[in-house]
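The same subunit A turns up in both complexes below, where it pairs with subunit B and then with subunit C.
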Partner chain A sequence: MGNEIEIEEKKVPFNRTPQAIEAERMLRRIKDDFQDNPAAMDYFYDLYEQVYCKGQSLHEKEKIVGTMCVQVPEELIYAAGGVPVRLCNGFYTDDQVGAEFMPAKSCSLVKATLGMLDKRSTLPFVDKIENIILPATCDQKRKAGSMIGEMGYEVYNMEVPPVKESEEARLYWRRSVHNFAVSLKGITGKKITKASLKEALAKVAAAQKAYRTLHNLRKESPSIFLGKDAFMVTNAYFFDKIENWTAAVNKLNAELEQRIEEKITAAQRRAPRILFTGSPAIFPNLKLPVLTEESGGVIVADETCSSNRMLYDMVAVDEYNTENMVASIADNYLKPCTCPIFTKNDDRIRKLINMAKDFAVDGVVYQSFSGCQVYQMEHSSIAKALKAEGVPMLFVESDYSPDDMGQLSTRIEAFIESLKAKRRRKR
Partner chain B sequence: MRNKISNYLNNGDLRRFRFWLQLSLFILFVYGGYAAINIGDNLPTFSCTYVDGKPGTCFLVPLQHRMVTTPEKLFSYAGMAILTGLFYFTLWFLVFNKAWCGYACPLGTVQDWITALRKKLGMQYVTYSWGQFKVLKKIKYIFLLLLIFIPMGIGSGMFSHDMGVPFCMICPARTILPMFSGDFSQLTIDFSSKTKMIMTSLGMLITGIFLVGAFVKKRFFCFFCPMSAFHYLLSKPALLKLKKDGSKCTKCGDCYSVCDMQIKEIADNIDDRNILQDDCIMCFKCVAACPEEGALEVDFMGQPVFEATVQGYIKRMEKANKNG
Partner chain C sequence: MSCFAGIDIGSTAIKIALIDEDKNIIATKVTSTGSHFRKNSIEALHGLLSENGLAIDDLAYMVSTGYGRKLLKEADESVSEITANAIGALEAGRKYGEIRTIINIGGQDTKAIQIDDSGTVTNFAMNDKCAAGTGKFLDVTARNLEIELEELGDYHFNLKTAPLPINSTCVVFAESEIIGLLADGHGKEEIVAGIHYSIAKRTIRLAKRIGLEGLVYFDGGPALNKGLVASMEDELGQKLVIPEFPQLTTALGASVLACEAYLDEMETA
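Here is the complex of A and B:
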């Protein structure tokens, strides 16, 4: 019999994979299309390059626990000796792979996450993930759970109440978080102790403190920091080592404070100040924030789960015993959460209005992924509330595909122009 | 200058401030009389009349005494006495509002010390369920009604005079506070009459419940305190106020997590500016635990004296995490 010819599949080096190219392209745009980026941003640019363009791993020894939504209490994962890595993904290349799992009109984020998990080895942290924590949030994420399970991951379904105002919801969620805290031992092999939880709380609090300072620095007018960089910073929190991240943000804050003193601004005095809300901007799908700032606007604040909603609210504890800490953590992940999956969303409206005032916002850009029903359904109520406050809003339905770039930029430019005109009229 | 002062106050360590103020006022209310201090008999806090060194008397004592009268007298000179008493009580109260509970009440302070002991032992406290909370919170109003109507019943001959000062008989301040000046005589059951026996036995029983209750539940007794109920009826025009700006609140629940009295409205109510609830003891732990600039504030005559700030919040939380 003839010799069997073994065809060895040639492994494409990571930096030549479609994702790496996609990441590289966005990274270049964010870095090079804008002048005078803060020097402290180099840490973040390098981090993205290392992880997404070169495929280098960040967490060598630690047990990585994948999380699927902002509702997963990361303090508990840290306390159990794990490292939470948020898996919500922004790659168009993965979105295309994930399309086979979901109906045609589905959320790009969910599809991209499924695509990424299905391929397994492409991203440096995905190949190490065994356990994924999936809170029962929107329908698409919920149903994605079983598909992820079939791919061979161990999925922990975390129950989330659909109503958050009632006492029932609080108790239900507290129980859910408590059960999660107990189950983590089976995942990481380490039990949560009073000391480890206290330490985890301090670690996350330090990161949130750094974030809060950055958040408040963005109130400065004229703006000293661009929104595209802010998204890069908060997005890095998904996967970076938390201590390094905190140190880098503190360094950035120090530089920005310096810039205020030296009167170095990031945008023109008349650049319309934009509040970004809706579906999260996750690298490399930062096209909407980048287009907004390329068109002359400046994003001064955001209300999204990849950024503000993830880092803003801080946990206060009265007595540092495990039970109380877990209960306080639980309340903090549910009560202030402005995720559109909940029945009512007065809190989101209130938060947006308050932010619009605090940050002297000229207009709101509302991103909704095509297929994200909950954000689409909240559109009209948010639009109405903002109109009553005299804040113009642009609602943009988009997905991860680059095809709508031209159409989007026309709409955004027109919106920014109208805001500028409005400002001129005021004066 | 003004900014500097308010920064100093907002960044302050409320826990420490409160501990020392409570200790000082405890000394005043338990030993002040020895230093010949006399601040009157209509105090809106448990300056217990059974304590040897009291500097004054809890308003509930003269109130219960004066209510022992007939309806005719009540609407003439006896009524005047009650009204003047109430006048002085109100004057005292209007200045500090329910902060009398959180800072001055010696029985409240004792409960905080018991809590500190439990904390030291690393034990977990208990909380009421929402259903229990709603029922139990009514008890203080029942106590308040009883301490007014039983003396009136005595006056009209319905009850025996042995029922005199009925609330004091069951109040744990009567049995516990005198012990701080070495007087254990209140820890007895009076067998001189059937009524007295029942009342003093009840007093002993409640003292026992108080000690156990305060050990497992923060500010256990305040929840049932008729003085607290009385306070609430008069709290609207008081000068010291706890205010909330709902538009700045994210409902994160930090204030609720630290509240000794399990007051949910502090986190969930975003409509009322004057957020004081009947169970509130005005300890202001909620303000200290609020990370939203100006969402909660303590006002005195419309001037903010202690305001929620991120900076102050972070300072206090880092300290609490280190020490807690």
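Here is the complex of A and C:
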């Protein structure tokens, strides 16, 4: 008796943990290496500092429901009295932990998400999460589900059809969403009612409207807003309180409109305009957008699931009864979605071409995480389609490790230089 | 006399090109990068200037490129090695015909660049963050076989049998594969040729990703290795354009950009 060796566990203060240091480093770079950031961005910078550097929880009383992909209808979670928090993670520290679970050549995002869930840190409120909604999207996320289950989380597998055009797919997905809506009562303890659903729809619609305004403001030339900040804004939607987020974006929009009048620009007049697509930029892995803008380009739009794909398509529902409202929500989460898990995915090509025109884009930067097969496989068809439209594309394969900055910057600078040379030739 | 410098600070070597206002080469220099590449770059530049009876004040404009480009604060501006390589190949390749594709093998990366008639980069591809198929690969091979880097070409052409297939694409694994092959009694010639074909296959595959057009220009230190050049031509099925000084193309491109930037400034001033 009394022979057990007691190991005193040293508690590292949150702000000294490796991931807090990682967060702080990127935050400083985003804030301090650029001049004239809009004042309204302070809300977002502070939010990241609170959450990732200081570990302050944002959701005290609410029932948090973790989500793993954009296909989860968040209106339903709000209507059932929960708060959806998107768990897709961008930390290299967590990627290292997740490498214990996943094969070596797998996607950084999935590894980092698993690492975060295993440690139950990084996001200060992740330790309060019991339920995780996992749509059956790509192979890696799908198969990660059982490992997440083994960590002690309650995983709800939401089936997603692999093809989205057919009527069968639509009906299949409708049933999947319907079952999810019914099952939510078991998760949050509250049933979805017509009134609660209407309220949730309005709440999300207000956020999406704010996003759309911001999105359209980025059409301005010369550019008045940088892509690194745009990613910070949309990324905050993953975990922020939705009402606060919407108010902050509206405030930012007002400031940007003011900046247009005062002719305060965020980039040089001839800075090449970049459309960003592919694997999502998620804080703090914003190295590619930041490098692009440090090299003299400006990201004016994006087609990724951490930003545009998550917020652009509004769920406009005018059905009368709850059942039909849910069916309508389902359609809106399937049809416009340009996730590369779908076969075929011509919508993504069309969307990129349209965006390239609408935003007067000079070139496209396509990020693919090493090990993300679906984005890697789609890149050549997209490059070909863009080439036919005269839009050059740079394909960059990268992961969360911070050690490839040198090689990435060579590629990005060369791409920006070639876009500038192309413009000069046109003149 | 005004002169212009292009300085290419690579992972293995520092390359300097000095040109005059008519873009004629005054002098060039290749020196090893070492660990103090900023100090080494400056010393090499000063040495080159004085050897040619020039003072630092004669240097009107300097453009840096390569991995160390940003850290050389003495340069007037920096440009990525891809842009510099394109301009250099256009300049050095003019006497051979219309260059549209450039293959560059450096100490730690491999690039394929497509250019238009003005030297503007229209497309490019680079190896991922892995030294497979780069100059480092040749370095390791030579070291394992206990031969000089410069001898690789001779060994290649002394081959009496077929080149050995080398399967590992990773430098580290290739090293153990080479040791295994030596232990099995294979000759150095077979191994050298095998390595050359292995690099050639990888490089041509990379180049095919961007589409091969027109004359193909091959530069970077490894282009001095005739065995590698022969393997590449074999894989490609066409002759390559090898410039007189393959290591200096990128530095030359940077010096041309320095000269043009200077003339632009004079015009607007």
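The working rule: the second predicted complex is superposed on the first by the 418 of 427 C-alpha atoms of A that agree within 3 Å, B and C clash if a C-alpha of one lies under 4 Å from a C-alpha of the other, contacts with A are read in each partner's own complex, and residues count from 1 in each chain.
Keep in mind that, in the parts below, contacts are C-beta pairs under 8 Å (C-beta built on N, C-alpha and C of every residue); 3 or more make two chains touch, one makes a residue touch a chain.
The model shown is predicted, which means the values in this text are computed figures rather than measured ones.
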Subunit B versus subunit C on the shared subunit A, clash or fit? fit
Could you say whether A:Arg423 touches subunit B, subunit C, both of them, or neither, answering first, second, both or neither? neither
Partner chain(s) touched by A:Ala327 [first = subunit B, second = subunit C, both, neither]: first
Could you tell me if A:Ala205 is touching subunit B, subunit C, both of them or neither one (first, second, both, neither)? first
Between subunit B and subunit C, more residues of subunit A are touched by B
Between subunit B and subunit C, whom does A:Lys241 touch in the aligned arrangement: first, second, both, or neither? neither
Rounding in steps of 10 degrees, give the angle subunit B-subunit A-subunit C taken between C-alpha centres. 120
Subunit B versus subunit C as contact partner of A:Val315, first or second or both or neither: first
The superposition places the nearest Cα atoms of subunit B and subunit C at a distance, in Å, of 27
Once bound in the complex, which stretches of subunit A touch subunit C? 370, 392, 397, 403-404, 406-407, 409-411, 413-414, 417-418, 421-422, 425
Considering only the defined contacts, which subunit B positions touch subunit A in the complex? 119, 122-125, 130, 246-258, 264, 267-268, 270, 285, 289, 291, 310, 313-314, 317-318, 320-321, 324
Under the stated contact criterion, what part of subunit A meets subunit B in this complex? 165, 167, 198, 201-202, 205, 209, 212, 216, 312-321, 323-324, 327-328, 331-332, 335-336, 347, 350-351, 353-354
Please output the residues of subunit C touching subunit A within their complex, sorted ascending. 67, 79-83, 109, 118, 120-124, 126, 128-129
